[in-house]
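Okay, so chain A shows up in both of these, paired with chain B first and chain C after.
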Partner chain A sequence: MGFKVKVEFLGGLDVISNKVREHSLKVPLEEGEATVKDLIELITKSIIADPKDIPVFIEDDTVRPGILVLINDTDWELEGMEEYVLESGDVFTFTSTLHGG
Partner chain B sequence: MTEISAKKVKVSALCELCHARKAVMKRPKNLQKLCKDCFYKVFETEIHNTIVDAKLFSPGDKVAIGASGGKDSTVLASVLKTLNERYDYGLILVLLSIDEGIKGYRDDSLATVKRNQVQYEMPLEIISYRDLYNWTMDEIVSCAGIRSSCTYCGVLRRQALDRGAAKLGINHVVTGHNADDMAETVLMNLLRGDTARLEKSCAIITQSAGSPIKRSKPFKYTYQKEIVLYAHYKKLDYFSTECTYAPEAFRGTARELLKSLESIRPSCIMDIIYSGEHLVLAPKKKKITTSYKTNKKKTHTENEVNADGSVSLGRKKQFEDGNRCEKCGYLSSNRICKACMLLAGLEMNRAKVSIDNNTAVDGAAVLTRTLEQLSF
Partner chain C sequence: MAETNSREEELLRRIQELELENEVLKKKVAEVEYDAKYPKIDENFCLDEYKRYGRQMIVPEFGSLKSQIKLKNSSILVVGAGGLGCPALLYLSAAGIGKIGIVDDDIVDISNLHRQVLHTTDSIGMFKCDSAKKYICKLNPHVIVKTYPVRLHNDNAFDIVNDYDIVLDCTDTPAIRYLINDVSVLCRKTIVSGSGLKSDGQLSILNFNNEGPCYRCFYPKPPSAESITTCSDGGVIGPCIGLLGVSMAVETIKVLTGFYTKDNFKPFLSMYTGYPQQSFRVFKMRGRSDKCSVCGSFPTVSKEAILNNEIDYVAFCGKVDSNVLTPEDRITVQQFSDIVTRQSKAPVLLDVRTKEQFQIAKLPNSINIEWDPTFKKLESLDKYLPEDFDKDTDPVFVVCRYGNDSQLATRKMKQELDFKNAKDIIGGLNKWSDIVNPKFPKY
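Entry: the complex of A and B
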């Protein structure tokens, strides 16, 4: 059971993951069952190094405003945002737009 | 595009401009869904239109791009190069960077600018605080504390950019300030009741009285989100580490507020700028607020740096045209310019620590008095 997706933190957001930008993440659910909501939770549990950094990534149970989310290089707003159903091999890119101009 | 054959694309997922390719992004400005190519086209054309409408450039102009290695100025360099070639602006573009002397931040971002220099085939000039002022930001912070870092840095940067441009014989500096930055500044000035600054905060071109150097913001109407997307899709090389000395708290909070508003109503960025532009037209009233403000101002020391690095040092008397700083010759409404005053304060600190029998007592006394007039 479970499948893998790729998660990237760009634009300075890698501060929440010990400066590691790319992560291969195992989703412990059946393909077709997991949504971005589950992915966000999984990220806070298994990738974010210091729990204090969770608010850097999350606000009100979703990705914090100012963080741009791409699913397979497409704006997540076109993919259903939190409701998007994960597929094996998907690439999720989280880019901070708040860091240094 | 190969993506189309890989997966069946629903009609609703198609680009709303070309109706041929899969949309990859949604514009915050008008919620339009665009494919990569149409997004590039629209993004670049809007900036071109802004440049033309505001008559920012004339053929043959030599223009310095204030380059930090960050996303905004990197995209600005890339887009200006593209537009200069596409529309025959006839501009000579130069990268102008400031080295504040911040270890682990500016040294790394300057490496990015040096790569940009090669990528965009533009000359690069780096002006360092150390050369110009004999102080690095790291030294200033260790002497004056982290709290006022941005206040010092903003004053010094403004002057450094001007001096760098003057050195290159350039009288126009473009910066990567975008619509989000501008809305943020409007919001901050609004929250502080700073009506005088509110008026200027939406100007696309700014120039201090008597200064030969003008500054402009070609990204005035460009969303942060689109700049980041453009950089991402075009795989531009930019640097995104935060300054070690975190930006002032008030601005940070205003930024978060704005981002939250934007997530509910993306057009609010444009709407705030629109409001800001129109507030300019409202005259009078100023007198009442100014007198009220004067007392209030003193209590605020933290929120003094503007997005463009300029700094509000309390109420200003009439600016006398062409007045120059007695110490360094930089344009100044006072006898001593802001930068020299700040630096003199630092030198005094440094001197106090080491020796007490300093000969420059007179100068120090004058400076102390002048410093007291400021609102730090």
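Entry: the complex of A and C
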């Protein structure tokens, strides 16, 4: 049971995962059963190194403003956001919005 | 007495009139000289321009002479003449944009020069917009440059933005990015938007043709002020931010020459990463949001609301309050210096800057614990302090670069870690360099 997806943190967001940008994550559910909502929970439990960093990633039960979420290089808004059903091999990218210039 | 005053006023007025007249005449002379030096051979260009732009005109994607004419007849507004604005301006002026406006109220500082490539060592102290203009005029005499040494704000933004075809957002804080977005949407201008930090960058085209998504469509809620890192805090690699500025120039040329159309334009956000392997990834983005507060069906952000300051961008984006300590928890650099000279034993000094900053310069005997991400999460400082350190009585001092993180660290020590005698050093090492030891390097 379970399948693998790729999770990556860009734009400095890798601070929440000991500076590791790319993670291969095993989803302990059947393909077709897990949504992005489950994935976010899984990330907070198994990737975020220090629970004190969870607020850097989550605010009001969803991904914090200022973080873009991409599913296979496409804005998650176009893919159903938290309702999107995970498929084996999917790539989930989380990136902070940059403001400097 | 009254007579003398009115006589002086009269003279001053006369001087001002003459200065103005002189300005107008100088401009006329320059125009005559320009026409003599570069006689037009057709209604658009002189021979110099054909030669100057030849190498780009013959690239099929560019679109030959008719695209060059479009550039000549275009005007762009570049907001921010810094790490993004300089390289964008450099290439866009070289490419032959007809009129360029530059907004920046900042002055050139030596710490800008590693990335803000239009400014040179001898322009330190000048307005960035004037320094940029100086360079551009030398590079391409066929470009008209107008400078605005002002900060863009609610009152002036519409008047400035209205005069241009498209806007390049090369700024560095969320508040001004929202302002540029709203004003550009309301003035029906496309925005080429870039940003970057450290070795990463992002690039997008917003409000394309008044149909594409805007900044608020992407980011309806601003990020919390605490989560924002600036270039001065986080650092920035010159060529990385430069690459983003250059990419903005490419997108600007594509917009102005009509490469993008209503049909082929797809909303995107490009993400550049400089390390470990350089890459440019293009993300497919959402379209315009019907619920957007400025470009949606029922907008709440209007020209009137901006002009009468109903929309407060600084409040919207929030502000970090870094003055969190009472005066008794703080000492000046001079007081700290006196303590160091008076005591035979060096006082315990915690330096909460990043380890990279600590490696550049540090005070003797200081102990480095990075505020972010280490110190702010610590539950005890025991392993960093001398074994016989007594939290109830022994003094401990906290320093950082400018005195903001050191306050947060001191507060945490007092409130969470039970230090009775922790003191923040006001103004940090920057102040130390100003007041106590000018040889301590500022960076």
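As a convention for this text, the second predicted complex is superposed on the first by the 97 of 101 C-alpha atoms of A that agree within 3 Å, B and C clash if a C-alpha of one lies under 4 Å from a C-alpha of the other, contacts with A are read in each partner's own complex, and residues count from 1 in each chain.
Rule of thumb we're sticking to: contacts are C-beta pairs under 8 Å (C-beta built on N, C-alpha and C of every residue); 3 or more make two chains touch, one makes a residue touch a chain.
As the structure is a computational prediction, the values presented were derived from the model and not from experiment.
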Exercise. If chain A is used to align the two complexes, do chain B and chain C fit next to each other or clash?
Worked result: clash
For this session: Based on the superposed arrangement, let me know which partner A:Ser17 touches: chain B (first), chain C (second), both, or neither?
Result: neither
Problem set entry | Contacts of A:Asp50 with chain B and chain C, given as first, second, both or neither | second
Exercise. In the superposed arrangement, which partner chain does A:Glu77 touch: chain B (first), chain C (second), both, or neither?
Worked result: both
Exercise. Which parts of chain A are in contact with chain B and also with chain C?
Worked result: 10-12, 15, 59, 64-66, 68, 70, 73-75, 77-78, 93, 95-101
Seminar exercise, completed: In their shared complex, chain B is touched by residues of chain A numbered 10-12, 15, 59, 64-66, 68, 70, 73-75, 77-78, 93, 95-101
For this session: Please name which positions on chain A make contact with chain C in the complex.
Result: 10-12, 15, 50, 52-53, 56, 59, 64-68, 70, 73-75, 77-78, 93, 95-101
Problem set entry | chain A contact footprint on chain C (complex, rising order) | 80, 82-85, 169-174, 177, 194-198, 200-202, 218-224, 227-231, 234, 236, 241, 269, 271, 273, 281-286, 372-373, 377
For this session: Spell out the residues on chain B that touch chain A in their complex, using ranges where they run on.
Result: 13, 22-26, 33, 68, 70-73, 109, 176-178, 180-181, 224-225, 227-229, 232-233, 239-243, 255-256, 259-260, 262-263
